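In what follows, subunit A forms one complex with subunit B and a second complex with subunit C.
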Partner chain A sequence: MIRARPNATAWMWMLAVLLLAAAPHATHLSWPILGLCGGVAMWWGMGVWRTGDPPILAMPWRMAAVVFVLAVNYAVHEKWVAGRDPGVALLVSMMFLKLMEIKGPRDANLTMTLSYFLVTVLFFYDQSLWMGAYVLLMGLLATIALAILTRPAGPWVHRLSSARVVRRSLRSAALLVAQALPLMAILFLFFPRLSQPLWGLNEDAFRTSSSKVGLEEVMSPGSISRLTLSGETAFRVTFDGPIPPTSDLYWRGLVLWTFDGRNWRRPSLPLPSHPPMAKYFGPPVSYTLTREATHQPWLLTLDLPSELPEGAKPANDWVVPWDDPTHRLPRYRAVSYTAYRADAGLRKVPAQALQMPVRGNPKAKALARGWAESFPPAQVVEQSLLFFRREPFVYTLSPPLLTSADPVDEFLFTTRQGFCEHYAGAFVFLMRAAGVPARVVLGYQGGEVNRFSRHLTVRQSDAHAWAEVWLEGEGWRRVDPTGAVAPERVERGAAATFAGGLPEFLRGEGVFRQEFRFVWDMVQERWNRWVLGYDPERQRLFMSHLGFEGVDWEGLAAALMIGLGLFTAVAAWLLLRRRGAPPDPLVELRARLDRRLAEAGLPRRPEEGPLAIAERAAGRFPDKAGEIRDIFQDYARLRYGPDAEVSGVAALRERIRRFTLPKPEKGG
Partner chain B sequence: MTSARQAAHQAALQIEGVLLGKRERVRLALACLLARGHLLIEDIPGVGKTLLAHALAQTLGLRFQRIQFTSDLLPADILGVTVFERESGAFLFRPGPIFAQVVLADEVNRATPKAQSALLEAMEEGQVTVEGRSQPLPAPFFVIATQNPDKQVGVFPLPESQLDRFLMRIDLGYPDRASERELLQGEDRREILARLKPCLEPAELIPLQEAAARVHVAPALLDYLQQLLHYSRKTPHFLTGLSPRAGLALLRGAKAWAFLEGRDHVIPEDLQAVLPSVAGHRLRAVSASGVDPAEHLLSAVAIP
Partner chain C sequence: MAWLTRGIRPEPGPAVLRGNRLYILPSRQGMVVGMVLLVMLLGSLNYALSLGFAFTFLVGGVYFLSIFHAYRNLLGLRLTAGRPEPAFAGGEALFPITLEGRGQERWALGLKLLDGEPLYTDLESDRSLTVELRRPAPRRGRLPMGRIALFTEYPLGAIRCWSYVELTVSTLVYPAPEAEGRAPLPAVVETALGVEGKLVGDSGDFSGLRPYQEGDSPRGVHWPVYARTGVLATKRFTCDGHGEIWLDWEATRGLGDPEARLSRLCRWILTAEAMEIPHGLRLPGGEIPPGRGEIHQRLCLEALALFGESTVGRTGP
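Up next, the complex of A and B:
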């Protein structure tokens, strides 16, 4: 098929698609690359706008531009082309440089086809639902641009207005994309999944949110209340059975042992290596937890886990290290018991559970020693909670800064306003000062049940810190001093506690907004579970559902190749058989006229020319004779005349649309 | 262009005034001339064949010669002879009647094939060759041949290959009642003919022919023409289909017709108007069913 030479509209479409495809890359491109691409785009767009043809830059200049890009890459990333960032920088800039050597439809087709690649590369940086939608939209736009660029040069193409070309191209592109969707689904389901990421991508590729928020391995005053301002989802949980009450939903992340007077950290010395020992009571809670992509090398579990995914081995403080090289969405099944006894039979508690700086915080130490002198350890815990409950402590998101050298004293006796990290930290300090082994646990507490899909969504704002004390014969007991100050935090969750001071999205005002939030959360949950969470394991499961057991990825790849090859061959054969120029708009218009006349009882004889039928119709409908003659004369002039202008066809279409003839009388 | 078109229109009107009630035939003859084709008029004697030829020549201001074909006509009678001139002592070519701009070959099928072929060769080549020397014929060169219907006695029917040389074949037919009445009441045709004034200078005709050849032909019309040709070739109704030359002839005729109709492009009606006269003598029905082959062709092919 002969292709029409693209006009200015087509070129501009191409440029627009290219800019839109490259736009999200702007955030990770260095500014010289951005400047180059922007400059080329402007220069090229101006050229097309002025002359209607793409301007061409001489070869040496293009070469110089490529060298420039490589040099920038090396300066910024210390690599020429290898790696994600330099590779993408090269791809984006080469796409724009390609503009400068476009001569005809062939180059344009190539550029547009490559733009699909440019869009797909966006997944290297972001795999959220939004990005998926954007990539799909860009796929449609690029297809439209291709359809415009490759429209056939029929003898009548000059009769189509630009708007009509775009409309037609939109239709055919939508059709193409719709046809591609089943193919996409098949490839998604059957394309071999590898457990190792391709091209050594780093973890950013599998992030679904735009910023890195999450628990840190150091707890200092303010580190968790900062998280509370984030509405981002930390993880989602689907329970097999009923959802336990909120006050039992303690999601264990890290255990912090070492206190330096201000910050709590992981133990500086290795913990004694005894296996974790626990006794479980009550009904088991089994659940599937899907975490938003994270770089945190440990799993979150409901306190206290008994069964963990294969390969996960809990340390004896039930922190579950997990090193996932792919950094995909970790998704795992686990079984926990909310009633348990841990390390009850331990003879010697690790020394780290009593560690504290020798100097500082004298008032807190004195208070704790006072308790220790009068009470046994279990009573010391009660006394301490009583202290928090009795004294005017305030649970607040915006506590005053602790500036003195003795932050624990300052908090306990002066400011008395704090968030969970203040309470947990101060409590553990008091316990250790009183000689009761204690540690800080970092994790999440509570969560929000989605009314639509019955899953639990735990957000960064649910981040929490609590304490564990070790009591003779009882083992580690969870103590949440925050609960002593603000019981509603533990019973109803963070959202209810801070209804006034939280960001708008968490407040849940208005029924509609809340419903929408639930639905949206459910959609994201499904996306994470079914799209991003479709890993080799799930693929194998899916294949065995279909009855193919033990298919390895090589076999899958071979089957896919053969299947797609056959499909393509058949489709190509079918398409090539009925290939032809698309219909002339004037032929369509004449068909419409013929129908109009036939409905009025005056069918056109096949051999009847336009003026002949016009005369016949004018004779039958004398009061319409003038209009009929005009229309048919216009039609004949446009169809057979030398200069059928676009506006003429549009005007004729409009006249035919308004043209009516009286219907023949029945039985007449 | 416009004035030329007006002149052509004026000429058509003038000739119609002489040949009463024959508007369409006069226009076909004029279109044939504008399309640089030769015209064959087939009809019984006395319906105005010669009159039409005369009127055409005179109206267009062309030099006119008439050759009466008889069974003893020799090629030299048409082309001319070389004679020895005693005064100059040299052989001198004396041009025959063919050296005119409009040649009326009357009753062309009464002559022997040998004489006929002399005329037909001249029509084809645009020049004549006498004793080894080529003599160009004047331009424009337009042959109007008349012939009697085949059934009459003493005729040598033109073979198909030679009929093909004529762009159009028309018949004139009897005048209708009103025209006949006017003819009977009016003055002698020959006197009118003598009074006819040329509407065109001889030099004006060639630009007119060029303008007619420039009439626009859209792809859609070519589609229609090709479908007509295709049908004529594949249908069992005709002995032979239309040749490529016939296709070209149809296009030339349609262009000239469209030009006379005042259009700058050809529409299917133009093609349909000239098709019976252009294709009629090139088609032969397998069986004489009474349906004119050209009519059959037109009604069988839909306009795309």
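Up next, the complex of A and C:
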């Protein structure tokens, strides 16, 4: 008899799973917490390695550790537990602290079960394609660890070696996960989704860390060129009809009105509250836009939008705020017209459109005033663009820093090297100095068409700044000074312009790299659309693909039940049918004979051979004695004789079938 | 819970675990897992976490499928009863059971008699294994093996699959022998001449010495050895059929309680056999002529075990 406890291998598997479940959290855990968890893991691992049994830490130390975690939480997040980051920090710490009180397989099972939580909260931070693979991996590893650990302590009569147990656990776990995948697919597709949360959301549930890049609400020299270093996708667009030419693809995000001499910001005073007016020309463009990062409180639209998603209202400058944490709207539909006339009939342009600091940049002001004296406003615009074209301006990713107190003057007359933010900012300054109302628009321009799926991928490196001027009778007209200096930027997009300066990811004219980029982008787009974006609307779409229109949650529940039922039936049939060599038919026949005799009052004694019981039965039922002896002799011959013919078995089966015995009388 | 098991009928075996005798329910750990999965599901619903759904369904699916794996771990297992050895009252009875995998590898099988300790074993697919199941044997008589519970929580510990089998095997429990030395062997000797004399072992061939036991007659003591060494030793004789004793029910009259009397008789049988003295057994229901050897001992002990149940001297179990 062996008494067995989980050995060091089993414990190490558990520790490995726990570490893998916690590792992705390292990016958003504070250093003291990381130190505590790492320290505990190392101490525990070494204890198991040395003695084969997990070490246990006394209660006072464990309490001290909990207090430590709460204190760190308060110091770092200003909250004890409430909120996503402190809650997660506490959860991760508690998992590791639980290690210190594991005594046997049952505690280990509990730890493994709770590690499922650790993986789930990770999805508050990241749900990209890699996380999907991580889901599969963790599902597999946790199952392996459970299979290894779930062995009773004993006593054991016959216990297979630890190596065999591990091999078997690997195989079982792989089988279980593979068999569970179809079930997961059925449940994922048919389980009803909610359009409203059950109990509400914390406002910081999805707050991403500030390390994610994106447009900011302040534009300063260099802020946009910084973004070009990032190849990250900002958003993807699928168009219902043909894709407009690149020079029409201006995606409006923010409008900046206020200039402080160096930086452009959102309007410091509120804009007029009445909605903007527009006239649209030409064909409408319908599209669906899927955002990657959803932390920005405004929606991106193609200039100029005419229809917006429900609940979205444009501000006076066509910025569309969206600040509803309960409805993150990662994907939305809109309709825009690339030919338009905005606010043409405006009687009074907001004063902010002419705001400029009193002091500074005298040369630029003088230049602009010179134009204003000689030309009407529309010509002033032309003069300015001519100025950019004629003078030796350079469009570059890394212009020299502007250090003087008059940065506009420095840019326009001295350095003459800049990126889109320099040109847009300087242009708007010149316009305002000349008395033409103007404002800076911040957003994205262009994008990359994916040849496989025909969707448009717009990256952070496509971020752009341009200008709008207001002209009498025309309204707000887009003017992109970058187009005067580097027209290919507008016509062909960022990737074509900066083949040398862009990050490795975006370069690569090699066909293989380009194909790979397209395929990878398409995979990610599909992932976002069908997996991450699987909301009630998409579920309805899926059901209608199957042929069921207008399905509500009851229909979904019914489909779910049917799917589960089918799956269970198939699984039962596949897993539980008889496999391997069929049982010896003679044994079944003998069992049948035994049953027959037992019913007649002659239960078999285990040690009796076939001939002995034949004699006993013959004695009990003398009139059947001959038949009994024959049958048992046949059986003995077939079972123990040198050659057993199959036909003999069939004949015997027939005889047994016809053989009956009288039942014992009642009361006898 | 008796109503649940009413349908289990005793059978001589071999018994095969078929689907209709297997029960499945989540274990306690399975309930905990269920709760955790429910919380994960609710969280995913509230925060619309697609991957949360995916992970929850994957883990839930794995546990669901472990039901089939657990079921298959027991399905088709064959149990055959072996011959159990008799036991003494107050000790443990051992019932050997042979398990056959019948083409299916089985892991962490648990077996247990109703009031015994659980045992665990693995079983390769092409092997048969004999396991000794134990249960306490408090009283003398016939002790049926009773119900065997087979169970497993393979593979993940969340699902418990079990079954009951009752094989018609029983073992004999002999009365617990009285403590040694409480009562010496009865000094009643019948020789071939039918003369009652005293003493044990003063006839037959001297075959050696054994340590003196309280109650041995002084006539059996080997005095020369004592004179030489100071050690009391009793003479031993091989028997040629003359030095027999009768172990009589009446001789235990002084005790009163029948069980105590049987205990004393049991001790006498054991002692007589150890001393290689032919002994006969006389009980109110009958008698067993004197003899020696393992079979004779079994016969006598069986008579004691079944005292009050049936006539003495019946052959066979």
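Everything below uses one rule, namely that the second predicted complex is superposed on the first by the 456 of 668 C-alpha atoms of A that agree within 3 Å, B and C clash if a C-alpha of one lies under 4 Å from a C-alpha of the other, contacts with A are read in each partner's own complex, and residues count from 1 in each chain.
Rule of thumb we're sticking to: a contact is a pair of C-beta atoms (placed from the backbone, for glycine too) under 8 Å apart; a residue touches a chain by one contact, two chains touch by 3 or more.
As the structure is a prediction and not an experimental result, all values here were calculated from the model.
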Pick one for A:Ser172: touches subunit B only (first), subunit C only (second), both, or neither.
second
Looking at A:Pro437 after the superposition, I want to know if it touches subunit B, subunit C, both of them or none. Which is it: first, second, both, neither?
neither
For A:Pro610, using the defined touch cut-off, is the partner it touches subunit B, subunit C, both, or neither? Pick first, second, both or neither.
first
Now for A:Gly47: first (subunit B), second (subunit C), both, or neither, which partner does it touch?
neither
Is A:Gly446 in contact with subunit B, with subunit C, with both, or with neither (first, second, both, neither)?
neither
Of subunit B and subunit C, which one touches more residues of subunit A?
C
With both complexes superposed on chain A, which partner does A:Gly475 reach: first (subunit B), second (subunit C), both or neither?
neither
For A:Pro350 in the superposed arrangement: first (subunit B), second (subunit C), both or neither?
neither
Which holds for A:Gln127: it touches subunit B only (first), subunit C only (second), both, or neither?
second
Could you tell me which stretches of subunit A are touched by subunit B in one complex and by subunit C in the other?
155-156, 606-607
Listed in rising order, subunit A residues that touch subunit C in their complex are 1, 105-106, 109-110, 113-114, 116-117, 119-120, 123-124, 127, 131-132, 135-136, 138-139, 142-143, 146-147, 149-152, 154-160, 168-169, 172-173, 176-177, 179-181, 183-184, 187-188, 191, 193-194, 197-201, 205-206, 531-535, 571-572, 575-576, 578-581, 583, 591, 594, 598, 603-607
Subunit A partner, complex, touching residues on subunit B are 216-221, 264-269, 272, 298-304
Provide the residue numbers of subunit C that touch subunit A in the complex, in ascending order.
11-14, 19, 29, 32-33, 36-37, 39-40, 42-62, 64-66, 68-69, 71-72, 75-76, 80-83, 102-105, 107-108, 110, 117-125, 129, 131-132, 153-157, 168-169
Which residues, counting only subunit A, touch subunit B once they are in their complex?
155-156, 584, 586-587, 606-612, 636-637, 639-642
